[in-house]
Amino acid sequence: MLEAASLQADSNIGTRSPPMLSVRGLNSWYGESHVLHGIDLDVYPGEVVTLLGRNGAGKTTTLKAIMGIIKQRTGSIRYSDTETIHLRSRDIARQGIAICPEERAIFSRLTVLENLRLPPALRPGGLTETEIFELFPNLSERLTSPGTRLSGGEQQMLAIARILRTGAKTLLLDEPTEGLAPVIIEQIERTIFSLKQRGFTVVLVEQNFDFAVRIADRHYVIEQGKVVDMVDNATALADMNRIRSWLIA
Amino acid sequence: MFELIGIQPKALFGQLLLGIINGSFYALLSLGLSIIFGLLNIINFAHGAMYMLGAFVAWILLNSFGLGYWWALLLAPTIVAAAGVLIERTLIFRLQGLDHLYGLLLTFGIALVLQSGFQIIYGSSGLPYAIPTELAGGHDLGFVYVPYYRAWVVVVSLTVCAVTWVLVERTPMGSVLRATIENADIVESFGINVPKLVTLTYAFGVGLAALAGVLVAPIYSVNPNMGGDIIIKVFAIVVIGGMGSIFGSVATGIGMGLIEGLTKIFYPEAASTVIFAVMALVLVVKPDGLFGRSA
Amino acid sequence: MKNGPGLKIAPQLPGPGRPGPRAGASAFFICMFVVLIGAPFLINPVFAMNVLCFGIFACAFNLLLGYGGLLSFGHASFFGSAAYMCAYAAKVWHWPPELALLSGTAFATALGLCFGALAIRRQGIYFAMITLALAQMVYFICVQASFTGGEDGIQAVPRGYLFGFIDLANDRSLYYFVAAIFCVSMVAIHRIINSPFGQIVKAIRDNELRAVSLGYRTSHYKLIIFTLSAGLAGLAGATKVLVLQLASLTDVHWAMSGEVILMTLLGGLGAPFAPNLGALLILTIQNYMSGLGGWVTFIQGIVFIFCVVALRKGIVGLLTQMFRRVKNK
């Protein structure tokens, strides 16, 4: 278990503004099974941070716990100076966090437009529909189709697009590139960059390490429900095997 | 042609009209049941009791407060919906996360309490409720006599079903409902108050049942057992129709009403059991129901 | 909000520190013998016999729900149709009691096979609704058919001479006969639950997909347990007819189906003999409140609600929990 302080020293970040999101000692359970054994991490405003690790390590669970979708959790999750560990997910959403889940959760009984308009604007600063269509032009062509008629890539765009309406400033993206063709992955890469430029903070769960190093500022490695390593991107690029070894062994 | 079959045309069409009327009640009830099941994943056994409650509230409004039919149409569903909010918030929501069969058992207990409670107070024999004077009488179309009140019942039921369809399938609020049925956790993560939506939906569903109760009060008398008798038939109807779509619930309800009416003409002894026989047949041939969505 | 296919009610499972099925069963059987032999000297034998009949009925239902994980809302159809069959055989065909009983049980078993085959095509909630609807069909047939006597039912059913020479008109003699039937039923249920067949049924209840992947034809097992449960319920109904000498519409009404569910829930789902306690309690309440008509149903409704919200493990489950807590101190 690495202390946050030593992680900071390792990463050469130096002095900066306080973290947007600060997780300490996060434990969580699915029914009887104890999945997270004390996650510690920090995410700074405007950063793109990835959570890497093998299948079943607890990456998706961490995102869901931050969002409050998993209800059995203990520890501390501070967002923008507010403790959220005891909040319901709808109240966490009001704080300014939004999640784009692993299955994308595009609703089959809703049209694309209905899917897009489903999340309400909870805070000022959400993108307008015009701005969203600028970012995601193909969506505007398929508005009346049922949501699940879209291709995988389009569904992923829709899933990201709709949470931009809420005014959330921190986005939790769970495996956005899973199962997508390289061309689409590039599109998603551009989208995330664009979001970063607009000042969003992004926490990304990824299996695709090569994608992760192209896009992120820092990487956490999660193994068996705990954070086992953290590197900034420069270090990761210089020493690719450091992270790869966690993912393979 | 009718002389060949040996049936008077007036009897035939009269029975068919009755079938459509019964069908409209079945449609209203199975609609409410389907919506509640879709969102709460419980089969509301108390639905029959809510139907009975609607009729009783109408009767009480008239006999204790002097408020007539038109008031009852508005107030009874509202009052029963409020009762539904109370029941959902105090009892049903405690079963969240449990096997949905517990919901069936809980609502069964609630139905028993309501039914026997009213029986203790009002006895088992039916209480009369008069047809409102504005809708009395009827019109003879030659091949059938159509009482105005019965025509009114069919029109109101079908209109309410159509309005419900529009609300669910074509409005933003309806899209929230449809989404919550598919994945409630994600919808809540968007900031939407899902528990409140669930409570309101339950209230709306039982409000529909109560409306059916008010509509039926002048036709059949108001008695505490009227809910239990009809709810089991409605269960059979939702098995036949499947609970996937609004249109399916309504179509099956009306269809079964018609089949019941036809059976009364040609083979009256089987009329009370024909719906169950159809259910058995559908189970053999198309187990997911006629309009069912598997999953 | 969709759950997975075929979710079942999970009763309490034996865990560490809890006496296993063998020990619990032996304790029960010993108590049972003592109580059964002494009962007719302390309480009204007809009441005692009624309790035994409903005890069999409730335990038969528990076999299906607690062990099979299948909620049937129409068990009255088996109880009641066997009652009518037995009554008719004894009164109209003048069959001796043992044959009348067998005919009732056989009829219920056959009916169980038919209804089970239909109901098993759907899962969970739908299964329950189908059993309810099929039972309602039986009810309506009983209302209209001439041989069931309609609203009056079949009355003054002769108890006859068991094996030709034991006069069952004597309450004491009949009591021991019914007690013997009860013992046989409890032993049968115990054997079914603890057999390899029973283990597979429990496995299907806990995780049907897994059982399928292991190669078991789960629908066959579900049908068999359903039929066994129906047959035993029929035995209870037929026996009840000999005791009360009456078969009536009450026996096939959905309220009767609800009553047996309540007895099982109150006694304790999944504990094999706990429903007997539920039967005893409910019948005692009914006995004391028989003058108060609608209040009996009202109280039953309240007990139902209370059990589902606060007492899902039943009284036996609650006692076991308390026993464990005291033991662990």
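Every chain is named by a letter (A, B and C) in the order it is written, and numbering of its residues begins at 1.
By definition in this document, a contact is a pair of C-beta atoms (placed from the backbone, for glycine too) under 8 Å apart; a residue touches a chain by one contact, two chains touch by 3 or more.
Quick caveat: nothing in here was measured; it's all calculated off a predicted structure.
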Of all other chains, the one whose Cα centre sits farthest from chain C: A
Highest C-beta pair count, chain pair: B-C
Inter-chain centre distance, chain A versus chain B - centres from mean C-alpha coordinates, in Å: 45
Between chain C and chain B, distance of the C-alpha-averaged centres to the nearest whole Å: 32
Centroid spacing, where centroids are CA-atom means, of chain A and chain C in whole angstrom: 54
Residues of chain A touching at least two other chains: none
For chain B, residues that touch 2 or more chains besides their own: 181-182
Residues of chain A defined as touching chain B within the complex: 67-69, 88-90, 92-94, 98-99, 101, 105, 107-110, 114-115, 117-120, 122, 163, 166
Contact footprint of chain C on chain B as seen in their complex: 37, 39-41, 43, 91, 94-95, 99-102, 104-106, 108-117, 119-120, 180-182, 184, 228, 232-233, 235-236, 238-239, 269, 272-273, 275-277, 279-280, 283-284, 287, 295
Contact footprint of chain B on chain C as seen in their complex: 1-3, 7-10, 71, 73, 118-119, 121-122, 124-126, 128-130, 132-134, 136-137, 140-141, 143-144, 254, 258, 261, 265, 293-298, 300-305, 307-309, 312
Chain A contact footprint on chain B (complex, rising order): 172, 175-176, 178-179, 181-183, 185-194
